[in-house]
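Quick one: this structure, given as structure tokens, is what I'll be asking you about.
Should a chain be cited, it is by its letter among A, B, C and D, assigned in written order, with residues numbered from 1 in that chain.
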Amino acid sequence: MSESAFEPKIVGFLCNWCSYRAADLAGTARMKYEPNIRIIRVMCSGRVDPTFVLKALSLGADGVMLAGCHPGECHYIEQNYKTIRRFKMLKHTLRALGIEEERVRLQWASAGEGALLASAINEMVDQVRELGPLYWPGNWADNEGSQDAIQALPREHAEAMEVPA
Amino acid sequence: MSDGGAPTPEKGKLALYWAASCGGCEIAVLGIDDKVLKVAEAFDIVLWPCVMDGKVRDIEKMPDKSIDLCLFNGAIRTSEQEYMAQLLRRKSKVLVAFGSCAAEGCIPALANMNTREEIFQTAYHDTPSTDNPDGVRPQIETEVPEGTLHLPLFYDTVKTLGQSVEVDYYLPGCPPEPDRIWDALVAILTGQLPAPGSVIGATTTVCDTCPRTRNEKKIKEFKRTWEIIPDPDTCLLEQGVVCCGIATRAGCGALCPTVGSPCIGCYGPNEGVVDFGARMMTALASVIDSQDPDEIDRIIQEGIPDPIGSFYRFGLANSLLRRKALAHNGDGRVAEPA
Amino acid sequence: MTEKVGVYICHCGTNIAGPVDVEEVARWAKENLDGVVLARDYRFMCSSLGQELIQEDIKNEGLTRVVVAACSPHLHEKTFRTACSKIGLNPYLTQMASIREQVSWVTEDRAAATHKAKMMVAGAVRRVQLQEELQPTEVPVNPNTLVVGGGIAGIQAALELADAGHKVFMVEREPSIGGHMAQFDKTFPTLDCAACILTPKMSDVGLHENIELLSYAEVDSLSGFVGNFDVRVRKKARYIDEDACTGCGICIEKCPKKVVDEVFEAGLGYRKAVYRPFPQAIPKFPVIDRDTCIYFERGTCKACEKFCPTEAIDFEQTDTYLDLNVGNVIMATGYDLFDCGKIPQYGYGRLANVFTSLEFERLCNAAGPTEGHILLRDGVTEPQSVGIIHCVGSRDKQHHAYCSAVCCMSALKFGHLVMEKTGAEVYSFYIDMRPLHKNYEEFYDRLLQEGMHFIRGRVAEVTDAARLPGEDGKLIIQAEDTLIGKQRRIPVDMVILLGALQPRFDAKETGLKFGVSAGLDGWFTERHPKLDPVATMTDGVFIAGTCQGPKDIPDSVAQGAAAAARVQGMISKGTVLIEPIVATIEEARCSGCRICNTLCPFNAIEYLEDKAVSYINPALCKGCGTCVAACPAQAISGAHFTNDQIFAEMEGLLYDVIGSNGATVKSPQPALEPA
Amino acid sequence: MRYGYYPGCSLTGTARPYEVSTKAIAGPLGLTFEEVEDWNCCGATEYMSLNKTAAYALVARNLALAAGEDKPKDLVAPCSLCYLNLRKTNHYMAKYKSLGKMTNQALAAGGLHYTPGSLNVRHLIDVIVNDVGYEALGARVTRPLTGLRVAPYYGCLLVRPDLNGGSFDDTEYPTHLDRLMETLGAEVVDFPLKTHCCGGHMTQISAETAYELIRRLLHNAAEYRADLLVTLCPMCQFNLDAYQTQVNRHLGTDFHLPILYFTQMIGLAMGMEPKALAIGQEIVSAASVLRKIGTAVEVEEAPQTRRKRDDKSLPMPRIREG
């Protein structure tokens, strides 16, 4: 794929109360932003299981954005603090797996911050575009030459059988 | 079979195979003690390389689905292992991923944190005990006067059995506990089996069988095992020790936590879980007792220096991401989207 | 998949159909997405014709799932759910794709917009097939109500409910109800005497047969859920037997200990160690202040006990606890005044004649420390000039960014009172004048006529450092007059700081106790800023008055009444439906590890010792899903937001990456060559 | 405690007493200052407004020289101007990436590089009140400044601008110097003009303006019956001290207010000899007021603030701590 043609696919998990409403507001205000993000609504950023992020990456997403209410502003009082903790833990692991910082992002956006959310999306899309595709499944799909080697075995066994004991 | 006489028609055929694993699973089979005789009553053993001589070509010649049960332990590290997995899959009615390596990759799969090149570099060049002045490395094909010799291809990424072929049942554990093995054999023999593709085991986690007292959890600091002499009666995790019992499928009887050693997760994830490490990460992070991002960072960085070793010791190959990023995956996509 | 999915793509006039090729999206969905039996595009899906279209298809085509790609679900999810349920399809079997807010309005390129819309439809289609029927549960509502806080908002709410025949428990922290309003002298813009309009309401509360007044008390804990709350109230020891006390006040008269009254008199006056905040206090019983009472300090005195004619003094009294059952809670916990000492350049606490607005209210009040005479701190001199500084701590990023809403009108009121009582010159230093309610602008106009001076500019400092003639012995207010573009120094005798209204010092703690969230600035958050201003995220807990944000008396009263109306609605209905989007723990999978136990701020998760598993009370659960995400055994599932549903949505959204089968790319499996 | 030390031009010139007294008290207080090698001018107040790029590069050179793995992370500047310039450059280079980049390009010409944020720029008084601490300082007081009425004068640059909460005290009404002087035993005047302008370089541009600004400060301090003003900025000290005679002559006043550095006051309280602290080099001599300390000056007992029966006055507000 030529570099100019690469358009990152980013999965966004937005909390129902702040960030999804920020996305609504960005829409109502006709703020244009990059079409690369595809948003999944969750009730709270606290619902975002690290599994979701891993799943998105394993499916081939180039980045994942988590967005929620600002700390101290959660509609469920304090659940987004748990989001911070899990995010930090997850990033710690992703770092060990060699995934670049910019690919997984935690963004606070209150219901009034449509512009902030839009610019954060743009920034992230730019960053990930610069990093290039992640396409994670490619990491394990390339035990190169394995089919040849596997298919050589029965042939060899058949040949070996010809040899007198 | 050379030593068992002609198989009686009603006796089933049993194969046991050993791919990338330590051999512990083989010993675990013997752990069922005299019940092994009952196994012998029920089955003719057609393949068990660890215990008896046998030829792959004999298996190749057997009709498809002529082996009633195959217990396959070990992960898939080489092309030969993958071939055997495919062969035994074809020949067996029931294929069981036996033990952690076959089920989820286990210790061999921690090699997925490195590339084949790095592993070879270490194994054939860098280790102090290596004496290899000519820099010889194993080759897939070697020409000798007598012809061409073949070695299996060493894969970049260790796979689980399930990632290579379709598996009927999984029996987790490193190794599986003898009692659980017997339970599984009984289930298979009596036909009381869960849906194909499922794990034969409990649906709850180690805590369920752990004798320690559990309370509400708030963790200010994670501790490595040598940093603490744990209180004998309280949940280890509450004392800051990273114990994987919360996320690990029950089946062992909480052997490790009972004696003061944290669970390291050998029985794999609970029923329905797609990523063991994610469960550990989220559970531990949720109970960190801080709201200050910097402090949270510190608690994590200092307390869990090796997240892969802590969360994916047994399940890296079976995890959603399976391995560390390969440097060459960055630009070229392997598969173009439709 | 055996589900029959109908997909509806809304044009929304040209809102969607302009930037998105809706016909193409519908065609594509029908051709490419498993489970889709029909896909239509229509001008306005939310119109009754649009809704009928869906209903017809459910009836005639046997649709079992519905996807509407239109605006944000926040706008019309309810519309489509209702339309489906009317024809017998469970409302939770519908799903929306927000292709207006998230696609057509925000994407410039038509091809990109169309592509993104397809992916979002794919996500919704895959998700909806895994959605499950959900039913809300119905629980009865206890008709009793708890009102927390006895200021004007709480008083209004309590009286509305009590007058309608419902039992109300009112809990007030101070010895008397009345709140801040009781401290005020006059009210703007009508200049009614605050006491004259408040005290009748206070005594109504005190005498009402349906109101049980628990003053000098605080809510200790709240548990349960909408319709069925258990409340524990701590009644602080008064050291006065309320049954015996007649409220004659002899104890107060005889008490030898005089202390500064930091609460009611705002630190400007004195009270005794046994006291009633003000003469018209409700209830009439005094309180012995343990911290300052000589008996509690040294073990002697007991003057009050000696003189009490009814032997009502009881030094042995201890705090008592009361357990109540209520169906709803109205929180009217009020505000604190900004600590003006935090802006040291305004001199509060350093310069004697700098006062806060609350202090000035007491100065002006006929029942206050100066009997209503506006005097300097020496208690003798009348000021000849007074400066009023607006926005002290408000509209200030260092302190509170918000506008405190009442200060402009207070300034006008103060200006009027000062001029009326002393004839002094009054200077108001404002940023913007905001007299924005009925008759407020007129009041501003009146003060302009009366000769109050208005200087538009943020005050730099208040100083006693004289520089120019006429400044000696004065307080000099230095400000830039932005209307004339000049620095001005106005020497005055007295400065009044209009401190910001800020959340109660313990608002955060209180919010946690009641399951009410607060914004960054600390005010309690309403369920919806426009359409649901007195409800909170916790069903059955309502907020009224300044605990929700700065507001004046009319607004507080309106909110008190509004909250009461909401509660009455609940009581008359008799039952409530509990939202089925909740988390549940599968007992067989739970190992009782207790990771989840501390995670729920609504205390919905309890640990069942006998079964050694955790349990989620569906009535308390708000469905945030935090515990679902945390469970290491994956024993918790969140209805309508299950892992599988979210994975399916993700696979749909990444349709262009992973193809139609939805499976992660695997290394190909070639057929084995037979040996 | 090790610190990088940036003296700045003033301390090597007009503000010698500041440097002498700083060095005199550093040892006993356990502070080690390592002077930045080959440091250059900070650009003072003017350069920033003439050529921003060059000015930032000029300051950043000092930061680059001061930073390094083996060097202390805290860089101390006793002069408020230097402090502000260093602090501002450190902050803005990080905040505005393009500025950081441009400045580093300029530094690269000299083979230098500075990563913004790698140093903490601190004022000397911040180090003394926060690192040494009031308590430790109080413990070293052997000659309390009892009886001296001191007006603490902070000047305008020490705590302003805030730079995103980077100030170590209130930006409008700082109090640490007040508390420091109290610790030394002095009687502290609540000096309302504590952060007002000393005239800065107006003495060179428009003397009239400067004289008026200086007069206000002196007048107010005199009103409050201060014996002397204590400063922490060479510019403030210089203006108030060196121009006092001119102000008197010009405006017909008769001020005689010595202006000393807080470091000199600390030294005095620690029992050091005035000469060792370069006291005596000031233009308005402090000799007479300093006679107050150490000699048996009667301290007036403050009248008890007991409330009289006929006293109608209202209580003053309680000032909450913190």
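The working rule: a residue touches a chain if its C-beta (ideal position, glycine included) is under 8 Å from a C-beta of that chain, and two chains touch if they have at least 3 such contacts.
Quick caveat: nothing in here was measured; it's all calculated off a predicted structure.
Of the two chain pairs shown, C-D and B-C, the one joined by more C-beta contacts is B-C.
Among the remaining chains, the Cα-based centre furthest from that of chain D is the centre of B. Separating the CA-averaged centres of chain B and chain D is a span of 68 Å. Look at where the CA atoms of chain C average out and do the same for chain D: the two points lie 46 Å apart.
Annotation: 53 Å between the Cα-based centres of chain B and chain C. Contacts with at least two other chains are made by residues 599, 626, 629-630, 643, 656-658, 665-666, 672, 675 of chain C. Across the assembly, chain B contributes 57, 60, 86, 274, 279, 282, 286, 334-335, 337 as residues in contact with two or more other chains.
In chain A, the residues that touch at least two other chains are 49-51, 55, 58, 60, 78, 82, 86, 135, 137-138, 140-143, 146, 154, 157-158. Working note: touching chain pairs come out as A-B, A-C, B-C, C-D.
Of all residues in chain C, only 588-599, 607, 612, 626, 629-635, 643, 656-660, 665-666, 672, 675 touch chain B in the complex they form. Against chain B, the residues of chain A that register as touching in their complex are 1, 49-51, 54-55, 57-58, 60, 71, 78, 81-82, 84-86, 88-90, 92-93, 96-99, 131-146, 149-150, 152-154, 156-158, 160-161.
Contact residues on chain B toward chain A in their complex (touch as defined above): 56-57, 60, 79-80, 82-83, 86, 113, 140, 150, 152-153, 155-157, 159, 274-275, 277-279, 281-282, 284-286, 288, 290-291, 293, 296-297, 300-301, 304, 306-308, 311, 319-326, 329-337. For chain A in complex with chain C, the touching residues are 9, 11, 20-21, 23-24, 26-28, 30-33, 35, 38-44, 46-52, 55-56, 58-61, 70, 72-79, 82, 86, 118, 135, 137-138, 140-143, 146-147, 151, 154-155, 157-158. Those residues of chain C whose C-beta lies close enough to touch chain D in the complex are 260, 262, 267-270, 339, 341, 343-345, 347-350, 352, 356, 359, 369-370, 375, 377-380, 461, 463-467.
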